[in-house]
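Given below, in the form of C-alpha cells, are the structures.
In the two complexes that follow, chain A is the common piece, with chain B as its partner first and chain C second.
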Partner chain A sequence: MEDRPCALLLKFPGTNCDAETARALEAVGFVTEVLPVSALKPEKLVGVSLVVLSGGFSYGDYVMSGRIASLVTEQKIGATLQDFRDNGGYLLGICNGFQILTQLDLLPSGSLVENASGRFQCQWVKLRKLAPDSPFLAQLPEEFELPIAHAEGRLVTKTPEEAEAYVKGGAAALVYADDVNGSFGRIAGLQDESGRVFGLMPHPERFLRKRDHYDPDWTGPEEGEWGSGYWLFRSLYQAIVEADSDS
Partner chain B sequence: MSDPATLNPLERIAEAPADHYRVLKISDLEGDALVELSQFMKLSLSREDMLAIQAIYREWEREPTDVELEVIAQTWSEHCKHRIFGATIEHEGEGGTETVDSLFKTYIRDVSQRIFDRKPGFVLSAFHDNAGFIQLDDELAVCLKAETHNHPSAIEPYAGANTGLGGVIRDILGAGKGAKPIGSLDVFCFGAPDTTADQIKADDVIHPLGVMRGVVRGVRDYGNRMGIPTISGAIQFDDSYIYNPLVFCGTAGVIPIKDIEKKIEPGMKVVAVGGRTGRDGLHGATFSSAALDTESHESDQQAVQIGNPIEEKKAADFVLAARAKGLIEFITDCGAGGFSSAAGEMLEECGGTIDLDQVKLKEPGLVSWEIFISESQERMVLAVKESSLPELRKLADLYETELTELGEADGSGILKVTHHGRTVCELDCTKLHDAPTRHLKARWTKKTAPVEPPVLTNPGQALRDLFTDFAIVSREPVIREYDHEVQGNTVLKPLAGASGDAPQDASVLRIEGSRRLMAMSVALLPEWGKTDPYAMGAACVDECVRQLVAAGADPERIAILDNFCMGNPDAEEELGALVETVKGIAATAEIYGTPFVSGKDSFYNYFQTKEGPVSIPVTLLVSGMGIVEEEGHVTGASLRRTDSLLAIIGHTSADLGGSVFARRHGLENAPVPATRTEEALSCYRQYHEALKKGYIRSTHDVGEGGLATALAEMAFSGKAGLEIDLCSLPMDDDASKAAMLFGESPSRLVIEVAPEHLAKVADLFDGLPFAALGRATSSHANLRVEWGKEILLDEALSDLKTLWKTGLARYY
Partner chain C sequence: MREIYEISDRFIEAGDANGLLYEPLAEAPTYRRTRRYEIEFEGDKAALEAFVRKTLLDEISQELHSGEEPALDGFSFALDYGMKPGALDLEKEAILNYHRGIPEPGFELKELRIRQRIYLFGGKGDESDRFVRDLCNAAIHQWNVLPGHV
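Showing the complex of A and B:
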C-alpha cells in the first residue's frame, strides 16, 4: 500500500492546467491521477484524499463558467462527492475549478462573473490570507503573490453585505490586496465551514519555484527554491498527512 | 431542361449528371472558356494552369470531375504551392540584372542546407513536414511554425484570427507524429488606431480599431482555451495596413526525437479525428490567392471558418495520448484544402482510397467536392495500423472526440475518392506536382538619399514624443489578454522585471523533461523595407537572433523562420522589393549560421480602393527559436541593481533611416543602417561567453526608438536611475546627436554588469565595438544622458513610463 496520500484531478474537455497542477501535487508528495471525466465514476473516489479541479475552460465555458462541468460532475458522482467531503475528504478548485465548485454548491454561495474590466487579465496579484488556520494556507505568510489569468473571476454575492460577512466570518479565506477584478470584498478564494473545501482564482501551480516569479531577484521569506504556490500545496499535503495519522 | 443561354459555365459542360459530382467536358474548351470556368468555380487558376490541366487530361484521354479540378486547384494554389517563391524571376537590381531560378531554392533552401552541413545533428527536420525541428537535447526536439491569416482577418477579424491560431496549433499537432504545443506568438500589422473615417478610401472596410480588437480577442479566445501560453509578439501600425491587416500566428512544440520521422505504408488505415465537416471554409486556399476588394467583404465570407477551440483541445489531448502510446504512424492537419490536401499529402506517394460516405458531416447534403475540400476547423488526419484501431477508439472515447475511419493506403500511387458508390476522383498525384513554373519580372531602384542630420534642439522633448508613438508604446493591454503563463513553464515572461510590467526582448520556456530551455522571439521592420528591403531583411534576421542571444540562447543553436507578406507580385517594383528582402535574409542567415527551418508567404495583400489599388509594403517577419543551455543563463531586459554599471555592445551608425525618429521628423528617405554581420556575430559569441561566466545581470537590445529608448525601457523596472555618458560610444565619426540617441542601428545590446566584472567583460570584447556607458544610481530616478559636458537628457523615468504605458491603453 502506497503511504503517500492520493489526489484525483478531474479533467473535463477544455481543462488545460491539469499537467502543471499534477506536477505541483507530485512535487509536494501526492500520488496524483489525472482522470478524464468520461471515465469518472463513484468508485474512483475510493482511497482518494483530495479531489482537485484545475484551471481551464471546461466545455468552453460558453454558457456560464463551470456550469456544464458542474452538471456533469453532479450527474456522475454528485452524492459520492458530498459523502467524500463529509467523511474528511479535501476538495481544491483553482480558477475554472473554483468556478465549478461554486456551481456545485460546495462553497458559500456566490458567483464568479466577468471581471469589472470586461477583459481577460493575466497578471500577478498580491493576496492576503484571512483564514490563518486553513489547511490550504497554513504555511503561507500573511501576504504573498500569485498569478491570475481569468476573464470571469469577479466574485459577486446576492448583496454586498453577504460578501462582507464572508470577509468577517472567515469564509473568504483569501482576498486580493488591491481591487483587481471588482470582486465583492476583494474576495480571491472561499472555503466552506469544514475548511476542507477551498476554491481560489489565482494559480498556485504557476508559482511552484521562486524562479517562476516575474522578478528574477525575488527571494521571499522562505529559504530554498520553492515559491508561494508550492507552500499552498505543501500546507495541504501536511494537513492531509496529519489528519490521516490522527484517524 | 433550361435554355443553354442561361446556363452557367459549369452547367454548359457538365456531363453525366449525378447529384453529388459531375464530369466536366473541358477537352474542347478554348482558353477564354477555361478562364471563365476557373473564375466561376473560384479555382484561382490562371489561363496557363487551365491549359496545362487540359493537356494532362487529353493525355489521360478522359475528362476531369469537378472534384478533381478542385483538388488540382488546391494543390496548385499559391497558398499550398508557393508558386511565386518557386517562379523564375528576372530581377533588375542595383548591381545589374540577374535571373533567379526559384527564390526558395536559391536563397532559403540552399542557404539552409549549407548551414545544416556546417552543424550536423542540429536541424532534425526542415521544409518537408508541418514544422521544422531542432535538437533540444539527446531525447527531445523543439519546433516552430508561423502562418498568416490575413484575408480572413480583414473580412472577419475575430473568426479570422481565431482560426489563424487554431490552424497553426494544428500544424504543430501534425508535425512529426504529433508535437505538443508549448507556446504561441502573434504578430499583427494594422492601420493606426487613430485613423479617421476620411482616411479610409473604400466602403465596407473595417476600421483599424475594430480589426485590432477583433483580432486580439480571436487570438485570445483560441490560445487561452487551448491552454497554450501566448508568449511572444509584436504589433506594427501603418496606414498601408488599413485595407490589408496582417495577422501572423505561430506556435512552438516539443516532441521526442524518436517520434519525428513518420511514414505511411500500404495497409494502414486513414482516420479523421476531431470536428465534423461542413460548408464553412470553402475555397479558403484559393481565396487567399487573390486580392481583396469591397465585394470580398460580402461574397467571400463563406471562406472564413468558425473556430471551436474546445473541439481542438479534445483532439489535441487525444493526439498526444495516442502518440505517447505509439499508436500513430503518420499524422497531418486539415488546413487549407481540407481533406484534399491532408489526404493528398499522406497518400501522394503511397496512394490509397478515401470514402467520403464515412465522413461525419455538420449538415446533410454536401456534394463530393465540398466534403473533400472543406476547411472546417479542428480536424486531424492520421494513418494508423489496423491493429491499433481498437485502442485508438477507446482513447477517442476517453477524450470525447470523434474518430472516423476514412479509408486506407494501398501502395497504388493513385489517390482515389469514392462517394455514394462511385469513384469521384482518381488522380496520380505524382503527375500533379509540376504546376507550370511562373515567369516574373522584378526590379528595384534605390529609394534612399543622403539627408542633412536634423538639429536636435530639445532631446528630452524628442524622447517624450517617441514614447507616445504607436511603434513604441507598451503592448501591455494586449499582452494581458493572453494567458502567457498556462502550462507553468514561462520562465522569462513577456512583461517582467521588478515591477512586472517592463518589456523583454525574448520569452523563455522551460521544457518538461529537459534541463535545457527554449527562447522565442520575433522581428519585423516594415518601415525599413519601404526604402531599403535588403537592409530590412538583414536587420530582421539580426534583431531576431540578437533578442534570442540577449535572453540567454546559445548563438550556435538558433533556427529561424521567414514569413513574407506582400501586395501584387505582378507589379515589378513590389516583387523587386521581395527579391531584395530575400537576398538580405539569406546573406545574413548564412553568416550567422542560423538556418531557416520553415517559412510561409502571403501574396495579393492589396485592395482596390476608389483611388486605385493600395498595397502593403513588403513585410517580413523573422521568428526564431534558440536553445538556452540552463536556467541560470536566462537573462531579462530590466535593470536589477542600483550599483550596476552599463555598457553598450555594437556600433552606432550615422544613418537614421527606418527609425521611428526619422518617420516622426520627416526623414523617411534617409539611408538605412547596414547590418555589420561578421562583427555582430563575434559580438554575440563574446556576449554569450560573458553570460556563461555569470557577468551579465540584464541585457536589452537597442531597437525601435534607439539607445535612449532602450535605456529608459531597461530602467522601467523601477529599480534605479541611470547616469550615462555617450563620449566613448562606438560610432561613425559623423553620427549626429539624433543618431546617437535615437538611431536604430542593428546589432546593439545594452548590458548591466556588476562593477567588479566590467573589466573582464571589456576584455572579452577586445577589438570589437564595446564601451562603458555609465551606471545605475539610487540617488535619483531619472534617465540622465550626457555627452562630454553637455546634458542631453534628464528625464524622470516615471513620466516616460506613464507615456509608454498609456499610449495604447487609450485605444484598447
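Showing the complex of A and C:
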C-alpha cells in the first residue's frame, strides 16, 4: 500500500495549471490524482490528505471568477469539503483555486475582484509571510518571490477594516510587500482558523526550481536548487506527514 | 413573468474609456461596466430572487438592482450588448445547467438574456458609434444604446 500522502487535484473546465501543480505536488512527495469535477463524488476524498484547486479560468470566469466552479462543487458534494477540513484534511487554492475557496466560504469572508489597474497583471512579486506557523509557509523565509498572473486578484472585504483585522489577526497569512493590485491590506493569501485551508493568488507551482526565476543570475534566500514554490509545497508535505505520524 | 436584474460593482472605479477603443478619443469619457439579466420565468418570484442572489451576485463586492431603471445615473449614454439569440452563449449555458441541477428550484426558467452594460460619463456627448464599432461584433452580438440619464 502506498504510504505517501495523497493529494487530490480538482480540475474544472478551464483549469489550466493542473499539470504544473501536479508536478510540484509529486516533486515534494505526494501521490497525486487529477480529478475532473464531473467525476467528483464524496467518496473520492477517502484516504486523501490534501485537496488542491489550481489556477486557470474555471468555466471561463463566467458571472465572476470561481462562481460557477463553487456552485457546481457544492451541487455535487454538498458540504463534503467542510467535513474534510473538519476531519483534519488540508485544502490549498492557487489563484483561481483561491477564488473558488472564497466562494465556497472555506476562507474568511472576502472576494477577489478586478485589479485596481483594470488590467491582467503578469509579473513577479515580493511577498511577506505573516503567519510563520502556517503549515503552508513554515519552510519559507520571511520574504520571498513568486509570480502572479491574474485579472481578478484584488482581495476586498465589506469594509477595509475587516481586511485590516485579517492582517492583525493572522488570517492574512501572506501579503504583498508592495501595493500590487489594490488588495485591501495588501493581502495575497488567506488562511482559515484551523490553518489547514489556505488560498493565495501567486503561483508557487511556477517557481519550483531557482532556474524558473526570470532573472538568470538570481540566487535567492533558499539553499540548493529549489525555488520558493517548492518550499511552500514541501512545508505542506512535511506538516501532513507529521500530522499523520502523530495520529 | 419577467424580471430584470442589474449588478454593479462596489469597488471598481470608473476607468478611462479610451481603453475600450482602437483609436483614442481626444476628450475621453470614463466608463463603468454592469451586468444585466433579463429573466422570463414561471413560479415563485422569491425563489427566483434567492437564485439570483446566490448565483449571479457577490454580496461583498456587488450591488443588486431590480427593474428597468438604470443602476447608475449621470451618464452621457450607455451601451448594452450581448449574444444574439441562437449564438452560443457559454455563460448562459453554465447558468442554465446549474439551474437544471437544482432539485427543487421553485421556479421554471423560461428565458435568460445576459447583457453587458457600459455606462459612459463625460466626453463630448453621444459618441456611441465609436464604441459600438469597437465593442460589438455584428456576427454574434445584439446591442442597443441608451440615451443619457443625467
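Definition applied: the second predicted complex is superposed on the first by the 247 of 247 C-alpha atoms of A that agree within 3 Å, B and C clash if a C-alpha of one lies under 4 Å from a C-alpha of the other, contacts with A are read in each partner's own complex, and residues count from 1 in each chain.
In this text, a residue touches a chain if its C-beta (ideal position, glycine included) is under 8 Å from a C-beta of that chain, and two chains touch if they have at least 3 such contacts.
Worth saying up front: this structure is predicted, and the values here are computed from it rather than measured.
In the superposition on chain A, A:Gly118 contacts chain C only, with no contact to chain B.
In the overlay built on the shared chain, the residue A:Arg196 is in contact with neither chain B nor chain C. With both structures placed on the common chain, the touch criterion links A:Leu208 to chain B but leaves chain C unconnected. In the superposition on chain A, A:Gln75 makes contact with chain C only, while chain B stays out of contact range.
Set side by side, chain B and chain C differ in how many residues of chain A they touch, and the one touching more is B.
In the superposed model, A:Lys129 makes contact with neither chain B nor chain C. Contact with neither chain B nor chain C is seen for A:Arg234 once the two complexes are overlaid on the shared chain. Touch criterion met: A:Tyr59 reaches chain B and chain C at once.
Within the superposed three-chain model, A:Gly110 lies in touch with chain C and out of touch with chain B [touch as defined at top]. When the two complexes are superposed on chain A, the residues of chain A that touch both chain B and chain C are 59-60. Remark: chain B residues 220, 224-227, 308-310, 313-314, 317, 397-400, 479-489, 491, 493, 495-498, 500, 512, 631, 634, 636, 640 touch chain A in the complex. Against chain B, the residues of chain A that register as touching in their complex are 11, 13-14, 16-17, 19-20, 23-24, 36, 38-39, 55-57, 59-60, 119-124, 147, 149, 203, 205-206, 208, 211-212, 214-217. Those residues of chain C whose C-beta lies close enough to touch chain A in the complex are 9-13, 15, 19, 54-56, 58, 60-61, 90-91, 94-95, 98, 101-102. Chain contact summary for the complex, chain A toward chain C: residues 59-60, 62-64, 67-68, 71-72, 75, 109-111, 113-114, 116, 118, 154, 156-158.
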